[in-house]
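The first chain written gets the first letter, and so on, giving A, B, C and D; residue counts start at 1 in each chain.
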């Protein structure tokens, strides 16, 4: 890494890892924040023909600034199509037209099920009231692949969710298929410590790579269950200088999302 | 057009040809006739002149529809001969109300296996169409009607304009164009004009169909004649009136197909034959939509 | 009737009778032909604020010429709204926003049920294949009032329909209500011979007025069942000279619909 | 606005306040607070700053929603205090996914008692929301989820412009504005501009809501601030960031309501207080939609 750029932060490594999940031509359901940066980066690198969809009703967005929310006006100006919100869900998600969706979570379990509803055992008297479901259950149910992006610690990576807002691989194995979920299920989890896949048989989350400077011990410490580790565990690929420049100078010059 | 039909329309396909009075895909239908496609199940809310021609040409084994006729004029005699007397061959029919067929498109576009509606109570339609069923509301206990999703093999959708990727804009009657496109496995869009991407992206609310569901974009001016295209040309009512005479006589209908379809290589030749005078007569004066500002957000 | 205008034709009397069914502020589902003329006339006379809806997807049309079909481009230019066709049915009809709908028919029975599907006893081998249902079943099911306009003869006014495409008062009495039809049912039938209402109890079609120059005998002759006649049977009100002028000179100058 | 709220919003009503990130009815919500409406069931896909304010002001007994938060910033602390600690009073909640709530609007707008969807399998939501049921497809036998129709007493819908009759046009995100309006018994439309009828009728495809479902049209520039209106102004992100601080402290929130809502007679006063500098900062440059010709058909 040369002096001009400076070493990549963990957020930048996350964005770059997420970016690699985007394939050219994909219809991608994007959220704000890191997923948005990841897709913007993919558009400029290897996936110039991917389509950005926002549940607010935008298809083919071409934002000229960093959107603050999934309904930012910059997503509309210059987009290919604006749809009623219901049709975005009906036609793009439930209709099976979505290749990739990004999700976040307050809690995640070993099968990639997510909680964004409440923290605490009693729904009626929650310790923390979280935002709720939004569009996540439908992205998770219908997209051909989903990728979860979250910072990792023991309160987040839990043995047991307080509430299951969004289904991943359900109870693992074939249980997701058995409930008739049409989409392809979670493909990756990307955190500030490492990148995870899911075992093709058990569907359990499996650590595939750790970020530069992170130890396996640190990852285990930050996981609330006995973590499965890939036999071919490697180091997460870091973005090169050109990519960092793109991220820092063009996509998020004010370091809104790339702080940490 | 030749290539699009040849690649995406196959014998035996279920083909949705939409466009409600407006944007009827005559050019595409003629190309299907010209390429002698067979055994098609043709789906359309309002089978009209084009369906009469396709049935007479022997392209169809089945018609799935809501209302059939020559709108404002009378009957489709080729279709009637096929249904009433199996002439020149039998034609299977499967009929709905407009609303029922719209709900079939909606269900398929939405990834739902069925769509609930109140629409067939008190009618004899369920007696002759086994695809009309019922469903009970889990909240009120009310029995509603239900139609199944109609997943077509191909939808052919006419529009005013699209970019080369297939982002397609329509104004005036939008009919069921969006639902038909999302409900089909393959989509051919036929437009009066292919425009630069910037034109489409300057007004994203105007886009009916996104590129991602479109397999082919064909630029073919006057492709909806003798039906109309809002802002481009009017319905050629003389042709609708003339059709009433032509379709009554199978021999005359045959001559029409020979002269206007089989005997012409493509739509450009059709246009030449149609003549400038007719085109001029059908062009409306301007009536602009007025400006709208999306704002430049940086 | 002065010389300038000439006596009203039966078609003109029908249009005028239909025109009187329109109330100011009504949302009216219009067809082409006579209903369209009737609503245009009503707009210029007593119902300037009625809204013209066409199942093609137009709300608040203001055609500057006589539309040839329910999808004529003149219905779009200058309209208040164009909707996807599905939403016209979902929101305006099934959603209960329609006050008045006009219908036509090839066959009608004493309870105002309509056939526009086939003539002949065998559906699979019809004597005459008619256009089919189109939007009629939903207009009949949902509009607060429906008005049927048809020319009258024994083949049309039948004891028993060959096919029931569209429900009127079903088997009469409370049978329509019992099947859960939300709309108000047929209010009037207007023919080239007379005007009919429906008995508030039995819901049987009842002759209320005969057109000028038509005898009760002629009406009975043209009816395929033992016709009920109102005890207050009168003569149908004829349009006055100003109305005729409007119809003939402004609304249908080419006599496209007013021939007969 | 004062008259519209006073006439059409009543204590105990179910009130839909829509506008997805865009066109959020702040001016109407503030007027509801100012008139001290009570016991409202507030319905909104994404309860945000405005809902936090209305809950803090004691207007709400219940929240029906899909996602609650300060978008891009953080939590709604007044709502959280009410849910987590019943402070200052309890708040009933009924939650859906966005899609589920959209389907409730769709059902009501369409005169259906329920709407089928695939949406809740594998989630705990049906466990805590008894309004989520299931329905079996009569064609495939598949079990689908179902939500009931949501018939609101009032819907408040912001838009760019309308004519004086209420024919309402929106561009940019249309959200669920049309469904919300058709689903409600009474509808208040709040627009940046009331325009002559001819402006609306020059572009009927742009009309989202027809006059016939609208009970009141209110012209109120900047009525969606601090949210945005496509082509008119940008989101005032400073206000969203500031809200995170204000809402954490009940006393400061109280002061905010006193200063910006109760202490002001109307939106004009709010605008004056907001100041020209802020308004200028939020106005985007122009980016026009480009011309479209409907044709003059005579």
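Following the convention adopted for this analysis, a contact is a pair of C-beta atoms (placed from the backbone, for glycine too) under 8 Å apart; a residue touches a chain by one contact, two chains touch by 3 or more.
A quick note: this is a predicted structure, and the numbers were derived from the prediction, not measured.
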item: Each chain counted as touching chain B and chain C at once; value: D
item: Selected interface, A-B versus A-D, where C-beta contact pairs are more numerous; value: A-D
item: Chain whose mean Cα position lies farthest from chain A; value: C
item: Rounded Å distance, chain B centre to chain D centre (Cα mean); value: 37
item: Intercentroid distance (Cα basis), chain C paired with chain A, Å; value: 58
item: Euclidean distance of C-alpha centroids - chain A vs chain D, Å; value: 28
item: Chain A-chain B separation of Cα centroids, rounded to whole Å; value: 41
item: Where chain A touches two or more other chains, by residue; value: 58, 72-73, 76-78, 82, 93-94, 142, 182
item: Overlap residues in chain B, where contacts from two or more other chains coincide; value: 111-112, 117-118, 142, 171-172, 174, 178, 202, 205, 230, 234, 284, 287, 294-298
item: Pairs of chains in contact (touch as defined earlier), listed by label; value: A-B, A-D, B-C, B-D, C-D
item: Residues of chain B that touch chain D when the two form their complex; value: 111-118, 133-140, 142, 144, 146, 148, 171-172, 174, 199, 202-203, 205-206, 230-232, 234, 284-298
item: Chain D residues touching chain C - in the complex, by the definition given at the top; value: 109-112, 163, 165, 167, 178, 182, 200-202, 204-205, 207, 210-213, 294-298
item: Chain C residues within the chain D interface of the complex; value: 27, 51, 58-60, 62, 64-65, 72-74, 76-82, 87, 90-91, 93-97, 142, 182
item: Of all residues in chain A, those that touch chain D in their complex; value: 32-33, 55-58, 68-73, 76-78, 82-86, 89, 93-94, 113, 117, 123, 125-129, 131-138, 141-142, 163-167, 170, 176, 179-182
item: Complex interface listing, chain B residues touching chain C; value: 20-22, 45-46, 65-69, 71-72, 75, 79-80, 83-84, 95-100, 102-103, 105-106, 117-125, 127-128, 142-143, 171-176, 178-179, 228, 230, 234-235, 237, 240, 284, 287
